[in-house]
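Have a look at the structure below before the remarks.
Chain lettering (A, B, C and D) follows the sequence in which the chains are written, and residue indices restart at 1 in each chain.
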Amino acid sequence: MAQDTAAPTPADFALLHPLRVRWAEVDPQGIVFNPNYFVYFDLAMTEYLRAVGFPYPDGLAEHGSDLFAVNASANFRASARYDEEVTLAARVVHIGTSSLRFQLAVFRGGELLVDGTMVYVNAAREGERRPMPVPAAFIDRVTAFERVPPTRK
Amino acid sequence: MAQDTAAPTPADFALLHPLRVRWAEVDPQGIVFNPNYFVYFDLAMTEYLRAVGFPYPDGLAEHGSDLFAVNASANFRASARYDEEVTLAARVVHIGTSSLRFQLAVFRGGELLVDGTMVYVNAAREGERRPMPVPAAFIDRVTAFERVPPTRK
Amino acid sequence: MAQDTAAPTPADFALLHPLRVRWAEVDPQGIVFNPNYFVYFDLAMTEYLRAVGFPYPDGLAEHGSDLFAVNASANFRASARYDEEVTLAARVVHIGTSSLRFQLAVFRGGELLVDGTMVYVNAAREGERRPMPVPAAFIDRVTAFERVPPTRK
Amino acid sequence: MAQDTAAPTPADFALLHPLRVRWAEVDPQGIVFNPNYFVYFDLAMTEYLRAVGFPYPDGLAEHGSDLFAVNASANFRASARYDEEVTLAARVVHIGTSSLRFQLAVFRGGELLVDGTMVYVNAAREGERRPMPVPAAFIDRVTAFERVPPTRK
């Protein structure tokens, strides 16, 4: 589980994106309701794909594929509150034959609030959504973008 | 990660709860947007707590505590679609000194669509939210309710 | 505005549907966040369309059309709270050439919490989404279902 | 109803705020699901209150009050789509003894997509939430901020 990994810092990420917490995202405990962190992860991934020149969904659609989430996990270390400005972070840590593993994080200043992992399969947009190889052009862009190259299988 | 565990079946759960997928929960891919499965997990846990006589949040509030999510994970095996009737499932698989681990699942008939884990800490409602022991009365109710007793630490 | 109309009662509606308020829908004020009442309206309309034999979206899709919201309004008279069981209500109050006007309401027992109006245009599913006449079969079903026939233009 | 008012333009608003449409906000029709426009209205009002020096909720809480929505309406003229950059707009058009009426809008460039109205009552934070007069300091700030002074009753 994600707890096994070392806690990330903002310096680990080439992609950082600011976000202000919405009223709609906060629950009666006064903190962001936990499923909303996965919405934040999705926003971070969206900005990541834009940054590497594969804006979602057109970037991969040109290669006939789309990304489908197969696994998500998160550690909630501290809570973001209403109207706080936080920083979303995303990086690709592993590229498999037809899968991508992102590490994601939410920081408040330098403080890690939440970190997690999302695994996606790259699959055909049409039909039975069969897995397809991650496009070489995408791998090149990610590798050039990241501070630490993703592991490969 | 949750992939390592055997895939659960409806028979593993004493708590099953019907749900119909809402339009608001479905994305342009035509499937439930992945963060919404964590909303479903929350609904399943709510019904679980009601079933064991500790309706949220009053049941634990009477003991001075509340549950705070510390870890969430899910495997997305197949997709639920708009207006489908699915079944939510929840069980407590582990009780630590001040923590609870739930296994959660979403079935469509007998087909497992999503399974996952939520870990909560039982903490003081007021002040710095220090961890508190899980109440003995709660442990008794859960143990009587479950088909397989939760592991203990 | 909807304030001008008399406050509806449950007896005005042939379609009533139970709902339990979710944690995800409640805000730090301890009450349902106002945009979620429009999600409730959508659920009520969904059940209405099912009840009259035009389940969304297939019922109208067979006629080549879909419904697109053009106006929404609501009066928030009292607040629903977490875990409360409320009743959603929907009726068609007006059928125009290519439009439908629904009245919607949320009751807690006999108490009116929220009422409102949604106006939809029936339009072609494809292309420029041009307005299409409301199908005669739909009008017949609605008229047979309602306690007070919708006004016509 | 809001249809009766002239369509607003960006030049009518002292408060404009950029927003990018999220995947989570878009439905299977490929457009923003209508309740989410009320979330956008809430974001616009939040930025408005910040701009006039009464950040929500602390600005009015210092006067012992909070804002509770009593009426919402919107006209959906055209649809925002995934990842589009739109502009949120808010202005106070009327100040009553204890109520505020905002006009809100969503533009894509100069094109009006959605406009609407939100009416709030200023009420005591504690107890039975009795209406309280809108603070004079707030009225002064709004009047100085707006291009067209709000009507008064």
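Methods note: a residue touches a chain if its C-beta (ideal position, glycine included) is under 8 Å from a C-beta of that chain, and two chains touch if they have at least 3 such contacts.
Since this is a predicted model, take the numbers as computed values, not measurements.
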Most widely separated chain from subunit D, with each centre as the mean of CA atoms: B
Intercentroid distance (Cα basis), subunit D paired with subunit A, Å: 31
Mean-CA-position distance for subunit D and subunit C (Å): 24
Subunit B residues counted as touching two or more neighbouring chains: 23-24, 33, 35, 39, 42
Touch-based graph of the chains, sorted into line, ring, star, complete or other: complete
Subunit C - residues contacting subunit D, complex: 1-3, 29, 33-36, 38-39, 42, 66, 68-77
Subunit C - residues contacting subunit B, complex: 22-24, 39, 42-43, 46, 55-56, 83
List of subunit A residues in touch with subunit C within their complex: 23-24, 26-28, 30, 33, 35, 82
